[in-house]
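Two complexes are shown next, each including chain A; its partner changes from chain B in the first to chain C in the second.
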Partner chain A sequence: MASQNAVLHRVGLALALALLLVMPWLLGSYQLRLFTEAVIFSLYAVSYNMLLGYAGLLSFGHAMFFGWGAFSFAVALNHFPGIPLFGAVALAMASTTVMGLVVGVLLLRVKGTPFALLTLAFNALVFAIGIKWHSVTGGDDGLSIACPPLNLGFTALNVSHGANLYFFTLVIVGAAIAFAWYFTRTAMGQSVLLIRENEERMRFLGYNTNVSRLILFVLSGALAGLAGSFYAILNSFVSLDAVSIEMTTKVLLMTFIGGTGQFLGPVVGAFFFTYVQNYLSDLTDNWPLIMGALFIGMVLWVPGGLAGLAAKLSGGRKQGDQDGTLAGME
Partner chain B sequence: MGEAAVFFLHGLAYAGLLFLVSSGLTLVFGMMNVLNFAHASFYMLGAYFAYSILYLTGNFWLALIISPIILLVIGAFVERFLLRKVHVHGHVHELLLTFGLAYIIQEAVKLIWGTTPQAMPLAGFLADTVNFFGVVYPVYRLFIFCLSALLGLGMALVLFKTRIGIIVRAAVDDSPMVDALGINVPMVFMGVFAVGAALSGFAGVAAGPLLSVFPGMAGSILVDAFVVIVMGGMGSLGGAVLASFIIGELQSFGVLLFPDFSLALIYMLMALVLVLKPEGLFGEKQ
Partner chain C sequence: MAILQVIGVQKDFSGLQVLTGVDFEVGEKERFSVIGPNGAGKTTLFNIISGKFRPSAGQVVFDGRDISSLPAYTRARLGMARSFQITNIFQRLSALDNVLAGVRSRAGLRHNLLRRPHHDRDLMKRSEQILERVGLADQRHTPAQELAYGQQRALEMGVTLSLEPKLVLLDEPTAGMSRQETEEAISMIRRVTKETACVIIEHDMNVVFSLADRISVLHYGVMLACGTPEEIRADQRVKDAYLGEEEE
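Presenting the complex of A and B:
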């Protein structure tokens, strides 16, 4: 049985990969752009779920990393003319990492509810900096960027739109998602899961739980920053919207609707949210009301999210907790 | 000197509003361990209900009475039919629920009342100014401060001088024990949640004529109220009084002294408290 499952698994994975590779030939340019956006938000949501699903840390300030990454990327491009594309992305991730370290050292002193509301306050602080620091961030006007071509040695590709952007996003963002998956499988990643379940016991076993949590927090922030810089490439523009509370709400809704108990839950949620939002916003300006109602309904009746629901319906439970939901936060 | 006095009084008025919002928030947190993200939305709803009542009847006093009563009912409903349902799933779900509620209320307000700020015109003596030790000062700001002081005093009397107050304080300390003593604790939770919502509604009505009524008003006071309860110590009423005063004055003088950094100032203060005394000024060490 088990080997049969593994074969099915591999076939499914190969099919999904093949489908991803032929996407540009299946979709029109508008649809492809939407799909690319969903891929970027998948990384954003996966990085968020490393905190919420794996560490049991409920953050209301994830947009501070997303927006910080987006702005660092734009600032790097505008202030260092001639910087290669990867240089700007690397700078954005590096600056988000440093920021994650500073914020993490301050915030991880508290847990549970105080942590949740302090993340919100820090998000508000970063947003306030974004408005006030007009000379660097452009304030309310935002920053437009001209994305440099990607130098591959033998040729230079313009990756700012279309199929090139899609493949560039798929490779880099996909690799980041794969890395996040790999990380949760390592002893390091697993230890965070165990700390969530019983921190005291982990301490007795000799783990420095504060350091484990900080590493996870910083990594999650850096991945969100990477997602942010791709969001900047996608729009050729960065506005304060990227660092707003709305952007935090977005990732929270995506992750929870998708399901926090399984690794792919946030990816499901990101695609669901992006497409449903796109559909609803054509029909009505009040789409957030519908999305909010859906979210409340899920909190009340489907706490495991779409992925949890699917796992329950198919009868199989892979990873995640017994009922497909996250464990309570102390 | 005159200018400083004016800014001090401005700070007091805002501190009053902040106290009305954060006292309910901190009591609910102390008792149910739920940080209610929708609490500031109750404040906003209070303001919008008052705006509509004032628009229809032209009577501010009627708005000041009816709007908090509507919020009392809404608060009881939210606790009984929504919050209690997700309680079994743990704190994360409770937080998520109130967060979702705040989101929905925000969008519903935009849908019903529109996004443009609405003014609430005052009439009678509330619209006057008073000569206060040589400083001409609007009566309404003093009224806000007196109203919140009065409500705060009433709350303190109920909490510390009545049997209901003893039960509430005991439930804040150890709700399973109170439950074991045969008191209907879920009922107490519902009551406190509803009264907290009504207090927030009072603050909303009072804030309407001062700050005008707009969909962003929930978000702006929510973060300030969070800073207040973190600084004061979560669950501590005395802490909420002191921290409201500090934040109110800091906001007021911050605008005067460092106009560009008044926002950052309160976060820095909070970060400082957090580093030096993570449990807050009056909080209990865990």
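Presenting the complex of A and C:
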């Protein structure tokens, strides 16, 4: 039974990968761009769910990482002419890591509602830096970027748009999502789950739970920063929108709609949100209203999100029966 | 050589003196028990030893080192493990995952971002051995919340032992158990603490007298007497203060 399941999982995974690889031949350029955006937002939402779903930390400030990553990437490109693409991405992640460390040390003294409110305050602070520090961030005007080609040794690829951008995103962002999945099985990932289950016992078992939370916070932020740099590549431009409260709300909606209880929930949510928003914004300017109503409906009547609903319909696989990983909010 | 020394420990909570000078020593393989009526300060003393509270005055010395101001997780790493009176395990996790938490902590695998504990044969084997020691080998995949009460208490013990501690602190290990479960728990505690030091806080006189090598009696924050079970049984002050109340 279990091995049959494992085979099914593998076949499903292989099919999904194959489908992802042929996407550029199935979709037109507009649709492919939309799909790429959904992949980027998947990482953003997955990184958010590391805090919300796995650690039970409700943050209202995830856009500070996303935006910080996007702006760092753009600033690196504009201020260090000739910097290789990977250099700029690495710099963006490194700077988001440092920022996450500083904010985390200050923030993680508190839990629950004060934590949520402080994340909101820090997000506002980072937004204020973005708008006021005109000489570096461009303020309201934002920063446009010229994405350098990706040097592969034998050839240099222009990855700023089209199928090349898609594949570049798929490999790097996909690898980050795969790492986030692997992370849930590592010692650190399991510690995070156990701390959510019973923090007091973990402390008496020798775990410094504050350090665990800080590592998670920084890691989650760095992954969001990576998503932010790809968002910058996708748009060839960074605006304050990347660090705005709207961007924080967006990841919240994606994660809740997709479901916090399964690893793939946020991915489902990111795709759903990206496509539905795209569709609705063609129809009406009031699309946020519909999205809001949808969000309220999901929280009230489908607390497990779309992924939870799918799992329930496909035979009620119990929460957390896989490898003892207990992803899921109460 | 004493593994644990409690030296002149005092504790007051905003003016209320709960402990007014407690001294004792526990030998390396000794089973030591603290008894006393409700409100005597047993639980406070227990929390001071295990690191939940800091003493207002005095010292707790573990393995020759003053640990009075160290946080609980550092004490756990030094080789001190406690159990809880109200079962305090990971309810939704399997019995095996419960003990794995301590086993990998002991192995220093707490924050590793690359290694997966479930794929580490050695850790898994040690976790299985711990479950065998507390008699839960057949329940390894059962979620803790689905175990019977007695089994949950055994798992509580297993989680404590998973640190392979030098000193085991047991907080009323037989609380809420039936007579038969208590008998089983006593023989299990005797078996698993053969090679370690052990401090037991307990209400049930039967348990204390059948387990402890030495007993100390706590009465309104002071040590009334300390000695072997026979000495304690014969002590008139103890009879007046505590044993008499047993008849209630």
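Basically, the second predicted complex is superposed on the first by the 316 of 330 C-alpha atoms of A that agree within 3 Å, B and C clash if a C-alpha of one lies under 4 Å from a C-alpha of the other, contacts with A are read in each partner's own complex, and residues count from 1 in each chain.
The rule is simple: a residue touches a chain if its C-beta (ideal position, glycine included) is under 8 Å from a C-beta of that chain, and two chains touch if they have at least 3 such contacts.
Bear in mind the structure is a predicted one, so any value in this text is a computation, not a measurement.
Of the two partner chains, neither chain B nor chain C is touched by A:L34.
In the superposition on chain A, A:R201 makes contact with chain C only, not with chain B. Of the two partner chains, chain B is the only one that A:L120 touches; chain C does not reach it. In the superposition on chain A, A:I172 makes contact with neither chain B nor chain C.
When the two complexes are superposed, the chain touching more residues of chain A, out of chain B and chain C, is B.
When the two complexes are overlaid on their common chain A, residue A:L150 makes contact with neither chain B nor chain C. Contacts of A:A187 after superposition on the shared chain: chain C is touched, whereas chain B is not. Common to the chain B and chain C interfaces on chain A are residues 326. Across the complex, chain C meets chain A through its residues 50-51, 71-74, 76-77, 81-82, 84, 88-94, 97, 101-102, 104-106, 109-118, 159, 162-163. Considering their complex, residues 182-183, 185-188, 190-191, 194, 197-198, 200-209, 211-212, 215, 219, 320, 323-324, 326 of chain A touch chain C.
Of all residues in chain B, those touching chain A in their complex are 29, 33-35, 82, 85-86, 89-93, 95-97, 99-101, 103-104, 107-108, 110-111, 219, 223, 226-227, 230, 234, 260-261, 263-264, 267, 270-271, 274-275, 278. Residues of chain A that touch chain B in their complex: 52, 56, 58, 60, 106, 109-110, 112-114, 116-118, 120-122, 124-125, 128-129, 132, 245, 249, 252, 256, 286, 288-289, 292-293, 295-296, 299-300, 303, 325-329.
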